[in-house]
C-alpha cells in the first residue's frame, strides 16, 4: 500500500487519458476537414485552439472571474451545508422542518432565481456566488447528514459505555465519520459550482466565461464559444482531480479502490 | 463487586411483541468468569445489552453492588467489548487508547499507562500504526488493551472472537485468560463456542431460545490451564451439547 | 419720439434675445452621474454607438456628466432596471416599448427615436427563387418569440394567403435558414444578412416599409419618474449621445474602432461596420432634417400602434404617453 507502487500506475493512466483525448481531437479534426464543415456549424479543434491561445489574456481574465465565483460559492455552500448538517444532527427535532425548507430551495429552478438576484444585486460577482452556493449546499447537506447518522452501531455502543455526551459523540465519532461522505459530495458539487457560475453569468455579468460564451454565441462565433467550453471542461476535470487527491490524503484510512489491484 | 439480575424479562415491540428474555435470575461477583452459551437468536446479546444499560428492561432489574445499571455505567464500572473492535480508523493506536483513557480517566483509580496496556497485549510496536493496517486479531487485542485501561470491575463481552479465524481465536483465548488475571474483574462472556467457554469460565450458563431462559448452570471446577483431552472437559462438553440439542428439538416441535 | 421708441424696442429685443440664447456652449456647473444600459450586448446599434462615441470623445465629459455604461444580458432586464430607476437611460425597439407600456404597464417613455424606420425584414435564400411574398405560400415562415404584426401586414399587403403558409417559431439562430430548415426567416437588416452572406449565401430581402407598413426602430428610453425628476440630466445625455451619433455618421471607421473597445475579440469589425452603416440609413428623414435627429411624431407612433392593435399585439393606449420631444428642444 505504499505510494511508490501507485505512482507508475497513475502516471500511466494519465498518459492513457491524454492519448485518448488526442485521438478524439484528431478524429474531430479529420471529420471537419473531410466533410468541409463550415466553421459556424462545427469548428475544427485546430481553429479552436488557435483562437484560445491567440486570445490568451482575454480568456485568462474571464477564467479567473468564473473560477473565483465558483470557488467562493463552493466554499460558502460547503460551509453552510456542513454547519446546517451539524445543527440538524445535534438537534434532531429540527431536522424535518429544515429539510423541507432545504428541499424547497433545491427544487426551485435556479435559472428562474438567477435573474431576480441579478436585478437585486447587480451585475457583479455576488449573485453568481450566491447561486453557486445555493447549488452546492444541498448535496453537501444531505451527504454530511447521512455520514453523521451512519455511524457503525458498534462505535455507538462503545461510546455510550463510556458515558459520552451527545456532543462528544458528535465531535469524536459523527464528525470524522462524515468526512468521506463530504468528499463524495464535493466530487459532485465542485463541477456543479462551475456550471452554476456560468449559468448565473448568462443572466447578467460583466465578465467571466459564461458571458464570453453568450457573446460568442450571439455573434455566432463558434471557435470562441468552443474555446470557452474547452476551458470549462478542463477546469471541471481539474477540480475533480484535486478533490480526489485531497481525498486520498485526508481520508487516508479508506483505500482508494480505483488505483489498486 | 456483586452483580445481581432479578426476574429479568425483556420483550421487543416491532409491530408485534417478540419476547426475548424470560425470567432471568442470576448473580455473580468479581473475579468470576461467567460464560453464556447458546445458539444464535436466543437472547444472549440482549441480556448483555441490558446489563450494559444499552437497553432498558421491560421487566425486572439489574444491580451492581445495589446500584442500577445506569448508575454503574455512569460510574464507569462497565467495560464493553463486542465483535467489532471499534477502533476509530482515523486515529492511530496510541491516540485511540488515549481517547478511551480520556473518557474513562476519572473513573479508574489505578494508573495503567498506554504503554503498559500495549505491553500486556504484546503490541507495543504497533502504537503509531493505524487500525486499517492491523489484522483482525491485532485489532481485538487492542480492544482488550483498551478495556484494561478502563480498569473497570465488570467486563461485558459479546462474542469478541466470533469474527476471527480459528488459530487466532485459540491464541487470543489463551491471552484473554492471562489478561483477565491482571485485574480479575467480573467477566460476563457471551459465546457460541463451547470449547472457549469451558477453557475460560468458572461458570457456564446454557441458554435456551425463544424466549431466552437459563436452561442449565454449570460450575466449572477444573484447574487452569485446561485441555480438551481432559476427561472432565469432554464430559462437560458432552453435557452442554446435549442440552443445546434438546432445546433445539424442543423448539422445532 | 418714434426713434426713441424703436431704439428702446431694439435694445429691449436684443436684451431679450440674448437672455434667451441657449447655454449649450458652456459646461453645466453641477456634475451628475448616471447609468446607461444598452438594450443588448455591445455592438454597433446606432443608439449604442452614440453613447460609446460620446464617452470616448469626451462629449459626456463636456456636459459634466459621468456615465456608466452597462449592457443588458438580453432578457429584458434593462427595461425592469430602468423602470425601477436603477438605470437612467436604456434603449428599446419602438414596437416593444409600446407593448410594454400597455402591458404590464411599464412607466417608460421614448425620449428620442433614432431608428426612424425599423430594421425588421424577412429573408429567403436566393436559391429559393422567391420573388414576392406570394411565393411564400406552401412554405414555412419563421418568427422569433411571437408572430410579428408586420409579418401579417406584409403578407396581406402583398396579396398573399397566410393560411397557405406554415408559421413556425424559430430561434435566434440564422443557421436554421442556411441549413434549409426554414424557407423564410425574420432578420434585422443590420445584423443577420452580414453573417449569412459571409457564409456564402445570397439573400432576398423583403422590407415591410416597402409595402407601406409602418415600422420604427430603436429609441432612447427613460422612466416617467426620471423624466420628471431630472430632465436636465437627460437633456445633457441626449445632447452628448446625439452628437456622438452625428460624429459616427461623419466618421464611421473611427466609430467602429470605438465600438470594438466595448466588444470582445469575438466580434467581427466588418460586421460592426455593416451594422452601423445599415442603421445610419434610417437615421434621417425630412422631419429630422427639420427638427434634428431623434425627433418623433405622434403620427409615426400612432401608425405603428394601429398596426399592433389591428393584429392583436396590444391594447390601445394614448401614444402621447409613450414619447416626448421636450428634451430635444
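Before moving on, here are some points about what is shown:
Labels A, B and C are assigned to the chains in the order they are written; within every chain, residues are numbered from 1.
Throughout what follows, a contact is a pair of C-beta atoms (placed from the backbone, for glycine too) under 8 Å apart; a residue touches a chain by one contact, two chains touch by 3 or more.
As the structure is a prediction and not an experimental result, all values here were calculated from the model.
The minimal number of chain-to-chain contact steps leading from chain B to chain C is 2. Here the chain at the heart of the shown protein, by mean C-alpha position, is A. Mean C-alpha position of chain B lies 88 Å from that of chain C. One inter-chain figure worth recording: chain A and chain C are separated by 43 Å, centre to centre, where each centre is the mean of the chain's CA atoms. Chain A and chain B have centres, each the mean of its CA atoms, that are 48 Å apart. Multi-chain contact residues of chain B (touching two or more other chains) are absent.
Shared interface positions of chain C, defined as residues touching 2 or more other chains, are absent. Listed in rising order, the residues of chain B touching chain A in the complex are 49, 52-54, 73-74, 76, 78-80, 82-84, 86, 88-90, 99-100, 103-104, 130-133. Per the touch definition, chain A reaches chain B in the complex via residues 1, 152, 154-155, 157-164, 168, 172-173, 176, 179, 252-255. By the touch rule above, chain A contacts chain C in their complex via residues 38, 40-41, 55, 58, 115, 118-119, 123, 202-206, 212, 214-216, 218-221, 224.
Those residues of chain C lying in contact with chain A across their complex are 41-42, 70, 72-75, 77, 80-81, 84, 172-175, 179, 195, 199, 263-268, 271.
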